[in-house]
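Per-chain numbering from 1; labels A, B, C and D assigned in written order.
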Amino acid sequence: MIVEMRTGTIPEEIDGVVKRAKSLGLGVQLNLGTDKTVVAILGSNTGQLSTDTFAVLPGVERVTRIMKPYKLASREFKSETSLVYINGIEIGGKRIAVMAGPCAVESEEQLMEAARVVKECGACILRGGAFKPRTSPFSFQGLEKVGLELLARAKERYGMPVITEAVDPHHVNMVAKYADILQVGSRNMQNFALLTAIGKSKSPVVLKRGFSSTVTEWLTAADYLLAGENNQVILCERGIRTFEDSTRFSLDISSIAVIKKFSHLPVIVDPSHAAGHYSLVPAIAKAAVAAGADGLLIEVHPNPKEALVDGLQSLTPSDFARLMEELRSIAKSVGKYI
Amino acid sequence: MIVEMRTGTIPEEIDGVVKRAKSLGLGVQLNLGTDKTVVAILGSNTGQLSTDTFAVLPGVERVTRIMKPYKLASREFKSETSLVYINGIEIGGKRIAVMAGPCAVESEEQLMEAARVVKECGACILRGGAFKPRTSPFSFQGLEKVGLELLARAKERYGMPVITEAVDPHHVNMVAKYADILQVGSRNMQNFALLTAIGKSKSPVVLKRGFSSTVTEWLTAADYLLAGENNQVILCERGIRTFEDSTRFSLDISSIAVIKKFSHLPVIVDPSHAAGHYSLVPAIAKAAVAAGADGLLIEVHPNPKEALVDGLQSLTPSDFARLMEELRSIAKSVGKYI
Amino acid sequence: MIVEMRTGTIPEEIDGVVKRAKSLGLGVQLNLGTDKTVVAILGSNTGQLSTDTFAVLPGVERVTRIMKPYKLASREFKSETSLVYINGIEIGGKRIAVMAGPCAVESEEQLMEAARVVKECGACILRGGAFKPRTSPFSFQGLEKVGLELLARAKERYGMPVITEAVDPHHVNMVAKYADILQVGSRNMQNFALLTAIGKSKSPVVLKRGFSSTVTEWLTAADYLLAGENNQVILCERGIRTFEDSTRFSLDISSIAVIKKFSHLPVIVDPSHAAGHYSLVPAIAKAAVAAGADGLLIEVHPNPKEALVDGLQSLTPSDFARLMEELRSIAKSVGKYI
Amino acid sequence: MIVEMRTGTIPEEIDGVVKRAKSLGLGVQLNLGTDKTVVAILGSNTGQLSTDTFAVLPGVERVTRIMKPYKLASREFKSETSLVYINGIEIGGKRIAVMAGPCAVESEEQLMEAARVVKECGACILRGGAFKPRTSPFSFQGLEKVGLELLARAKERYGMPVITEAVDPHHVNMVAKYADILQVGSRNMQNFALLTAIGKSKSPVVLKRGFSSTVTEWLTAADYLLAGENNQVILCERGIRTFEDSTRFSLDISSIAVIKKFSHLPVIVDPSHAAGHYSLVPAIAKAAVAAGADGLLIEVHPNPKEALVDGLQSLTPSDFARLMEELRSIAKSVGKYI
C-alpha cells in the first residue's frame, strides 16, 4: 500500500502512519520526496487490508492499493490454469464447452425438445432456469421445484449434465441435488450469503459477472466460493451496464484476456443476455471464442415466439445449428475444438 | 405498447401482431404511416407485459413501452404522498428525518457513544450494521446477532428507533424483532428472495437504490415489497456507479425530484457511501435537503480512525454537530425542519 | 413520433398536439386508450424533428421517437453496403484492411522502420499521428507539418496509403494534401465544425466513435460527413468509457453487428486504444475480425519502450507479426482474407 | 510515481527502471518488499510525465501516478481561491452569479423579452447561443453572426454582460468582440485547438465539463486555458453520461465539493442540460447552491413552447421568478446572496 501524505504534512503525522503500520505487523519504507512524502506499507497480506486503515489518519491525502484485493482467484496464488470437470467434460482446456437451452424451463415438452436440439447441434451441457429472478413481481417467476425435476429428467434422457440458477442460500443443497452446475446470476454476484452457501456445497458453479462489477470485484466474489474450498469455479462474462442502448448490456470482450492474465479460473461468455436480440448473438459468440473464452452459455428455444421469458434473445434451433458450424471453424483457427 | 414494424413489412406480419394482442385481451390501433406501420397496443396492464411478447414476432422492428413497468409504487396508482411512521416519527412530511450512527456495530462502548452523540445533535433514528455485506470474504463481516442485541440495548437506553440491514431472507423475522426499520442494501436491491421475505414481514423498510439500477428498476423493486402488502417503504438514494473516480459513487441528486414526480413513496439520501470521504459528506447532505429529500442516512463514528469499516467516510461527532446546524438552516429555507 | 398524454388530460390539450402536428404538415392518429391517450405523429421526416416540438406542449407526458435521428448513414436510406476505395484497396468487402503504424510520428527513422515492418507483415495502410490531441498541454503535441511530410515520404518509399488525424477545421485541406485518409479522433466525433470541413473536402475519412457516444449519435455524426456529399466514410469502434478500469476503454464488440444491421457504412476496430496495454491487443483484434469488422487500426512501434506517446499499447514488430498470422487464420474462418 | 514490479522480477529489470528515472533527472527509492518490489520515482514534475514512461519497461506490472496530471488549475499550485470579474461582477465570492436566458438566440423580440425578464428576476448575466453545436446536421444551427449582434444589442439595452458559445478556434476573436464571457461547450472540452485559441485570447471563459470527462480531465483541460495565461476561467458542471435515463444527464453534485478541494477556480452549475425537463430544474438548481456552487447557468425562454432548441428544459418567466425566490432563501442559509 502506498500512503501519500498531504503537502506540508508535519513529522507527527508521518509518525502516526508508521505506528499504525507497525501495530499491524507491517513493514514501512519512507520516501521523503521533494514535493510529497510517500510511505510504502510492506507485507504479504496488504491486499486484504482496507485502504481506510491509513486513509483516515491525519495528514494522509490518498492511499493506493498495490496488492489486489482478491487472493485465492489470482494467478499469483495459483499459477497453473484451473480445469473444472463436469461429468467428464473438461472446462478450461482445448474444448470450447457450449452450454445451451431455454432461458426458463416452461414445460416438459419445451425442455425435451430444446435438449434434443442443442445436443444434436453439439452442445455438451443443457441450461434451463427453474428459479427466475425477475425485475417485476408480476412477471413469471419460474416453475421452481417442478422445473428442477424436469431438468433431471432431460439430463437422464439425453445424457447431458445440466446447469441451473440458485437464488436463495437455503435452496442451494436442494438445487445441487438436481443440477450438475449451479449458476449464480448477475444480480447475485455480491449476494454473499448465497456465495457462502455455494462455497460450502462444493458443487461446481458458474459465477456470472455482476452487470456493474469490475473484474477485480468479480474475482473477489470468486474468493467467497474458493474460501469455502470449492475449487470448481467457472466465471461467466455476460455484459456490463453502460450508456449504450442498442444492446441490453455491453459485452466486455476484453475481460476474457484480463481474466486469463490475472486469474487461473476458466471463463465462459453468455452472448444472449448481452445482446438482448437474437440477431446480434452470433457475432458476439464468435468474437468470444476468438478472444479465448473457454465456453459459451447460449439461449436456445424450440419456439422463441412462444417463450415466457427472454424470447427475443433466444436462437431458434436452425439459427443455433448454423452458429455452431461457424463456431467450429473459429475454434479451429485458435487451436481449439467444440 | 407501441409496436413499430420494419420498412417493407407484409400484411400477414401486421396481422400476426394484431392476433397476438387480441389473444391477450388487448386492444389494437393501427397507424398506416407513410414510411412505417406502427401498431399501438392498448389495455390497462400493458406495463406488466414484457415487450418481448411482440418483439419476437416476424416483421417487428422495435417495441416501446408506454406504461411504466412498476405499478404499486407509482403516483398513477396512488396519487397522494405516502407517509411512513416509525415509533411516532413521521417520514415523508415536513420533518427531515436524520438517521445517523456507525457503519458497523463494533462494541457496546462504540455504539452507546455514537448513539449518545447523534441523539444530542438532533438525529432521530440510530443506524448501525450487524450483518455487513463485504466485498472480500477476508474482511470483518459484522457482529451479527450480538450486534442486534447491542442495537436493542442502545434503542432502550436512548429512546431512539434503530435501523439495520438484513441480508438473508431467512433472517428477516429475527432482525425485525430487534430493529424498527430493516435496510435493504444496494447490492441486494434485486435480491428478490430477500424483498419477498421483507414484503411479507410488513416491517418498515429502507430500500437502497442498486448502485447500477435505474430509477425505474428501483421503483419496480419497491413493487416486490408493496406487493407483500408492506406499505412502510422508504427509498434511499446512495449514489450510482459511473466513470468518475474522485468519489466512491456519483450521487444522483436529480433522482429525488424524479421519485417525487413518479412515485408516492418518501425518499432519503445516504451521502456517506456516495462520497466515500468525510470531507465531501456535508456538501452532498446539504444538497439533498435542498433538493427535497425526506431524510438522511449518515455515518458517524465516535472515533473514525479506529473504525473497522468505512472509517474514511464517517463524520466525527464534532463534524456531525456542525453539519446538523447547517442542515437546520437549509431545511428552514425549504419550509421544513429537523 | 409517439406522444403520450398525461393521465387525466383534457380535450384542449390533445387538440393542441394535433394542431402543432398539422401546422408542420404532419399526419396524426389518435389512440384513445383506456388509461392514456396516445397520439401518433406521422410523416417521413419525423426522425429529424426534435421530440421537444411536442414534449413542451401542455398535457404531454412523454414523446418517443420512432424514426431514427440519422438518415444518410442508415440502411433504410441506402440498403446496399457501401465500399470505400483507397488507392485501389477496397474497404467493406472480403478483405480485412489492416492499418498499422506508430501512434505518433516521432522521426524519419522511426516512421520508416515502422512502415517497413508493418508492410512486411501484411498491413495495407500506414497510420501515424502528426497532430496529437493530448489531455495535458504539457505533453508532446506531435510534429505537425513536419510529421505530414514524413508520412508523405514513407508513403512514397513503401507504396502504402497513409491515414492521419486532422484536429482543426482550417487544417483539413492541408492535411488532405498529404494523407489518403483523414482520421477524426474520438474526442472530435461531435466537433461539428471539423466534420463539416471534412465533409466538404470529400477526402476519405475514418470517423472514430466518441468514447461516450451511442451508436445512434455516431451514425448521426456520420450524417454531417455524408451531408457534405463525402461518401468515403469508414466508421471506427475504439472502445467506450465505462466503470471498468482494467482496460483503458471497454471495446463495444457488439457495435460491429449493430452497425452492420442499421447502416451501410464499413466499420473497422482500433484494439490498441481500448486495451491500453499491448498484452490485451491480440485478443481484442481477433474478436473484432470474428465479429465481422472490415478492418483494424493497430499501433505498432519499432521500439515501444522509447515511444513518445502511448508506448504501452503499441505492439513490437515481432508481436505484430505473430498477431497477423493469427488474424489470417480467423479471417479465413469467417470467409475473408487479409 | 509508483512503479510496481512483477512477482519474480530479476535485478536487471529493476535496474532498467532506475536507469530510465535517472536519465530523466528523477530520484528513485527502492522498496524491496517481501512479495513485490516497488520503486518510487521522485521529482517535482512527475505529474506531467506519462505513466507509460515506466510501464513499457520489462518486468513492470503497473505504474500509479501520485502527482495529479493537472498543474495550473490545482490548489497546490495556487492555494488562494481565484475570483473572476465580469464588468464588475465578482464570481467565486459571496455572490451567487445567475446567468440566464434562452438556449439559442432566435430573434430580436425573443432575446429582448428574455433579457428583460431575467434581469427583472435578478439574473446578472445574459446567456444565449449564436453558434449551436447540434447532434444532427439537419437541425437549426443558430443565427451565427446575426445572433452575436443581437446579444450585443441586448447587452447595451439591459446593461447585462453576455455569455455565448464559441465552437471554432478561428471565430474566437470575433466572438470575444461581442461577448463578455466565452463558453466552451461540453462536446468541446477536449477540443484542444479551441482551448488554445481561447487561452491566447485572454477572454473570460466558462469551461463546461465534458459529459464523459472525469474531474481530473476537466481540470487538465483548464490547464490549456491557464497555460495561455488566461486567468479568467470559470468551470461549469452540467451533468455526466450514465446509464440512468430519467434525466438527460446525471448532474454530478459531488463535483462541486471535489473542485473546491482540489482547485482554486470558481465553479457554476447548469441544471437545465442535466435535467432535460423543466420540472426537474428547480430541485437541481437549489441543490447546487446548497452544495457550494458559485453560480448557475439556467435556460429561460419567454415562450418555451415555441423554442427552436431545447424548449423542454427551459423555464418560463414565471417559473424562473419563483425559482429565484427559493434560491435567495437557500443562498442566505449558506451565507451567500444572489
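Criterion: contacts are C-beta pairs under 8 Å (C-beta built on N, C-alpha and C of every residue); 3 or more make two chains touch, one makes a residue touch a chain.
Just so it is clear, the structure is predicted and the values come from calculations on it, not from any experiment.
**Q** In steps of 5 degrees, what rotation angle do you get fitting subunit A onto subunit B on the CA atoms?
**A** Rounded to the nearest 5 degrees, it is 180.
**Q** Can you check which chain pair, A-C or C-D, has more C-beta pairs in contact?
**A** If we tally the C-beta pairs in contact for A-C and C-D, the bigger total goes to A-C.
**Q** So the centre of each chain is just the mean of its C-alpha atoms; given that, what is the distance between subunit C and subunit D in Å?
**A** Centres of subunit C and subunit D (C-alpha means) sit 26 Å apart.
**Q** Roughly how far is subunit A from subunit C, centre to centre by C-alpha average, rounded to an integer in Å?
**A** It comes to 31 Å between the two C-alpha centres.
**Q** By the touch rule stated above, which residues of subunit C touch at least two different other chains?
**A** In subunit C, residues 212, 241-243, 245 touch at least two other chains, as defined above.
**Q** Would you mind writing out the residues of subunit B in touch with subunit A in their complex?
**A** 48, 50-52, 55-57, 69-71, 133-139, 167-170, 187-188, 190-193, 196, 211-212, 217, 220-221, 223-224, 227, 241, 304-305, 307, 309-312
**Q** Which residues of subunit A touch subunit D in the complex?
**A** Against subunit D, the touching part of subunit A is residues 2, 4, 7, 27, 29, 31, 33-36, 38, 40, 42-44, 62, 64, 66-67, 76, 241-243, 245.
**Q** Could you list, by residue number, the parts of subunit C that touch subunit A in their complex?
**A** Touch residues, subunit C against subunit A: 212, 214-216, 240, 242-247, 250-258, 261-262, 274-275, 279-280, 282-284, 286-292, 326, 329-330, 332-334.
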